[in-house]
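First the structure, which I've put down as structure tokens, then a few questions once you've had a look.
Lettered A, B, C and D in written order, each chain numbered from 1.
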Amino acid sequence: MFSMDGQIVIVGGGAAGMESAGQLARSGYHVTLIEKETITGGHVRNWYHLFPDRRDSREVIKYFDDLINHKNITLLTGLKVEGIDKHGMSFIVNTNSGTEIKADAVILSTGFDLFKSERKEEYGYGIYDNVITSADLEVMFRKGEIKLHNGVIPGKIGIIHCVGSRDEKVGNLYCSKLCCVTAVKQAMEIKEILENARVFCFYMDIRMGGALYEELYRESQEKYGINYIRGKVSEVSVNIDNKLVIKAEDTLVGRPLKMELDMLVLMAGMEMSESSKSISESAGLATGENRFFSPADHHFGSNKGNVEGVFYAGTCTAPMNITETISHARAVVSDVIGYMNNGDR
Amino acid sequence: MQFDIFIIPFNIGLYFIIFYAVVRSIRWFRDLSRSDKLRLQRGFFGTPFGQSIKEIFLESLIHRKILKTNFRLGYMHLSLAFGWFLLIFFGTIEADIFGSKHLNAPYKAIFFKFFNPEHGRMGFEAVYSFWMDLILAFILSGLLLALLKRLTPGVVGMKKTTKLKTLDKVALTSLWLIFPSRLLAESFTSGTYGTGSFLTGTLGSFFASFLPVQELAYPFWWLYSLSLGTFFVLLPLTRYMHIPTEIFLIFAKNSGITTGDKLGAFSEMQTYSCSSCGICIDACQLNFSAGINNIQSAYLMKGIRNNQDVSDIAFNCLMCGRCDQKCPVGIELTPIRMIRRRAGESTISEKSIWKKYFPDRQIIPSAKPYIKPSYNWLPGTDPEKTDVLYFAGCMTHLTPAIISSMKKILEASGVNYNFMDEKGGVCCGRPLMLAGQDKEARELINYNSQLIWKSGAKTLVTSCPICYKIFKESYYLDVEVLHHTQFIKNLIEEGSLKLSFLRKRVTYHTPCDLGRGSGVYDEPKVVLNHVTRLQKSDFEDENSLCCGGSLANLKISYRQKKMIARDVAAELTKNNPDILATSCPLCKKTLAAATETKVADIAEIVAEAIVQPVLRKNIPDTFHRIKEPVNLI
Amino acid sequence: MGNFGFTLIKERHIDFDANDKSIAEYISDREPSFRICIECGCCSATCTSGNFTPFSLRELQILLRRGENNKVKDEIRKCMLCGKCTLVCPRGVNTRNIVMLAREAFQKQEKYAV
Amino acid sequence: MKKEGKKKIWSEYQKEIADDHFFYVRSCIRQSFFPGSEQFFLNFMRNVLGKDVYENPSHTTCTGIGYHSDIVPFATLMTVVARHFALMKESGYKNIAISCVTSFGIYTEIIETWKHFPEELEKTREYLYKATGREFDIPENMAHTSDIIYKFRNEIAALAKNLLINKKTGEPLNIVEHIGCHYSKMFPKHGVGGAEFPNVLGGMIEAWGGKVVDYPERRHCCGFGFRQYLVQANRGYSLSNTAKKFSSMKPFKADLVLTNCPGCTMFMDKWQYTIKEMEGIVYGEEGESIPVLTYEELAGLVMGYNPWDLGVQYHMVQSEPLLRKLGIAYDPDNKFKTKDGRQMPVPENLINV
């Protein structure tokens, strides 16, 4: 028996949440989209341009906003989901405001948190004036000006890859997948704003997996003359004129290297979002070694949770770029519909 | 009236240029090496003399080569050069016959009409002046073409026309003014006296109908004389210097003088004989495939003449030698380029007019004082003795198919051979030479020579035309150097290699260094004809293209090389063959990357065609003999 | 000066800011493909000279980028310009011109420094 | 540089330091090279603060130097340390105060080992029992004496006679704090302020009115390096590290280097002399070298003790310039006199005199 009634709750109004909400609504289902912030859009909002085609993130946001502007969607912002309890075949979604929302199926699109760069103490984020993160840089791009703490234009800028990724010391063994290409993209954008600046990327491996990533990498060398140094920065300090002094090993030369920089950009990785931890505990959802939700099956069930009726979309299961997130979010729709229409549910 | 003031400019010019030509020739002759001096003398007072005269007539006047390659361009040069010659020739006769006295000063011939305005009314005179008008018309037609060429290069079928410097422009205008001014001057005079033939006459009477021709005539005679004078005086400073120089060059060439690898009077002559006709530009693949059109030989010659820094031009060349083949004056362009490469950067210096008229002999800084390569690290040499030594070459190590095929061939033909660089050898040295570093190349040459001597081989076979060329030219070996195509041909002929016929259509790409470089055109084709069906392409032998991968060009980018390779591959696969055959590992790699068609070295094709020899051990033991004797009891 | 039977050892750091990178600039101005090397090492692997001696173009060109010129100055002379590296390079770097330009740059440096 | 950022980090490295009843273990180097230091500490704790600090005469070296130069095996080391704990147990103490950073490192290392490998603890108990018939407990609270001075820094500030201010200019002194590697680099949680931005000495300096200098090589080792300095031929390594540290410090015009590790004090002090002799390089201003003091000596100066009683004259680099800056009166004649006025032998080649 085919039923369009029934309530689907989607937790998290980022790329994944909005995409799946929009698609479900368009296929006639009633969706409640809960976002803890006062405004939807998630991390995409904080980004300036998106790789590989350097499109303005606002276009994407616009697409999402139009998508969820639909009669079947009830949007609840500023509401934080504390936990999910399963009663029989239906769920109760508890929020911090105390209101409880009944649901027949739940899609978790709780996304990710950027790695807290303060945790890499040796880089002195939050201590040295001119150590910033990729996110901070995007804000500068949006403003259209890159300036040091004291308002001076930087001449020499360093970019550190894999900050909080592939790093046992902070307990993240996984690769966040996007930092490399972000670094390349940002390096190019820096050069577009300050053509005289010299940019140095310190990397462990350059991972250009995605479509057109490698081309971007090559362009950054060919057209923008970005310098790539294979070696992770081990420590940062400041000298008498408050310039940053970094130390790394140039592994390809096989010798340590030191360099003065005006500004240092940390490519913060992705981590499981804080907010979703309580959810996973309350609903008994399995998480993997990387602390992200681990789907029921990595090949056929990448959208299904270990609890029947709970579904995942987007970066709450693993680092993904926006394209992948959207496809993942579209995939969840078919799973959910299948589940909703299953008679003996 | 026998004299008029206006002829003075002409006379000055004329006597100046004669004097100059003599002096310059003497200087050149003096600068020649002793042996070359002898050659030239023998050449001049010997059999080659006739040949030279013939060539001067055919090339300097008729411009046969240009006519062949490009008729309209040829006609332009023909009409100007030959026409003018005729004009002077018959002019002199005219002055001699019809003039007041015999054996006149040259100006009498040139300004005949002015001094004999009444001439040419009727009879033979009329016929003669008709003839003269005809010649003039002939020249003017060429002039018209030249004019059009300047305005729209397309007209004479030239893609690019060389860019001019100011002096050239002045000389050019004066040249162009000569004949129109003569025409007008004669016409006006004829108009005044009612003489002149179909051209001057008609024009004359036409002008006379509405112009005060009598007054107009004189200034135009002045203009005529002036333009002639200017042209002669400027000639040595401009590309038109090629006119007198070429004559000298032809003598030198026919006396068997060659450029060699050092700068000298001969190479200087050649640079001055270049008329910047631009045929080399059309022939150059860098121009029509890669869109680089400022480095061709014409520009190199010009650069050297105006002593600019030509190092960039010199190094930006595939050294394919196509322009050498095409050059109508037969200048040895590639050797001259090599000389410049050895020179490295030359310093530009502004020269005084006097220096320009008598440039000191170009001196080229000898080998650079810098970080010279040094190969003292090369290992010791003790090869095993053998008859045939096979040297694959660096590049061939990147095309293992060729190596394995060669091994197969060598084994099948039962040759006692030794693979010289099986475990990687030392470069033959040609790449260094092409980079202008002969001294350094010598080190490698000596090293390899030792290896070859010690091996006691009679024959040295190489798979790489680059190596082949240098083995042939710059190694002093007492062994027979063969490219593998030649070697295979011999094997086939002596019958030690049994080959089947492959039903395959093949087009052959001649590598530059093997073809134009070393003159090996036929052997590869013979071999290919033996095993496959060889098709003709539009670019055979001397006219063959360069694959673009040439080691000689240090400047162009990978993308530009690719552009060339694509065009070449496209051309050669027009009549879509099964295999695009070549005989150079570098060509193979370059072309293979640029086409869908299978690209193979001749060695590979031959190896495929080898018939397995029937050896005794392969014959099955049909009737089973009893090994032990049978006991009766 | 006192002798204690031991001495100060020079720092092993590549002092990037102090080093002279003019050679590298000279090259990359004239041969832009110098910039797109990704240190894969194909050139060194196939190198004809490298077959006999520890000559590595990959190492040399990165040393140039870091301004560690002294070693390069001597090593770069070992190249035979045979061109195998140019053929194998996945990024289409014009390696031979880089070698030539490096030699040229060092020459000029010597000529004009003094 | 943002102070809040540091504060944030320090808040994550709050170390619990006992208040009273310490079992005090001396440092080989400190007690023999800077006798005034430990003297001051005991005096300050006992007489000024009236705390109970106990020393056991049968306490021995921890053999850390032997351990770090691959002479003493770990098992032996653990047993020796276990014996110290046994002494502590027998004398009824639970809080241990360690004067030496090497020992401190060893103690922390061993305790962490026992935490992760209980079988090691059992083995050690067995060894110790077999060897000495003793038994031991792991101390409840373990502090380096610099931790303790840090804890009571404000009390000292309250009693201060000379704050760390240049009397002539009125500017606070530029003071370099150097933390011994083994203090917190191995186990950041055992150090005040962690490993990247330790606060143990910085806290004292600021409490006493000085200004902490943050220079690029602040993390770098002083050059002690047991293996390096023990063999003469290798001492170059040790020396070079010190040189590296000082040359990076030079532009900051430090008036004083404050250390919490006896080894660092010794090497940063004596190598300055060696470098001056070898290369003729000095790192202070006006051709002077930078005095290197222990936190106890500095505390003593702050509290107005006689520098000669504190034994600052027993460093290679003499402290007169510093004393002048601090405006501390001193009597050059009594410099090397005993209490009863007898002349002691004067060390040779002192610098800054």
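Brief remarks on what is shown
Throughout what follows, a residue touches a chain if its C-beta (ideal position, glycine included) is under 8 Å from a C-beta of that chain, and two chains touch if they have at least 3 such contacts.
Bear in mind that the values here come from a model prediction, so they are computed numbers and not experimental data.
Taking the mean of each chain's C-alpha atoms, the chain whose centre lies closest to the overall C-alpha mean is C.
Put simply, the C-alpha centre of chain B and that of chain D have 85 angstrom between them. Our note on geometry: chain C versus chain D, Cα centroid distance of 47 Å, whole angstroms. Distance between chain A and chain D, defined via averaged C-alpha coordinates, is recorded as 46 Å. The distance from the centre of chain B to the centre of chain C, with each centre set as the mean of the Cα atoms, comes to 38 Å. Residue positions of chain A touching 2 or more other chains: none. In chain C, the residues that touch at least two other chains are 32. For chain B, the set of residues touching two or more other chains is empty. Which chains touch which is summed up as A-C, A-D, B-C, C-D. Within the complex formed with chain D, the residues of chain C that make contact are 1-11.
Across the interface of their complex, chain B is touched by residues 32-33, 46, 48, 51-53, 73, 76-84, 87-88, 92-94, 96-97, 100, 103-104, 106-107, 110-111 of chain C.
Contact residues on chain A toward chain C in their complex (touch as defined above): 206, 218, 221-222, 225, 227-228, 230, 247, 250, 252-253, 255-260.
Here chain A touches chain D in the complex through residues 118, 121-122, 124-129, 235, 237-240, 242, 245, going by the rule given at the top.
By the touch rule above, chain D contacts chain A in their complex via residues 1-2, 4-6, 8-9, 194-197, 214-219, 248, 251-252.
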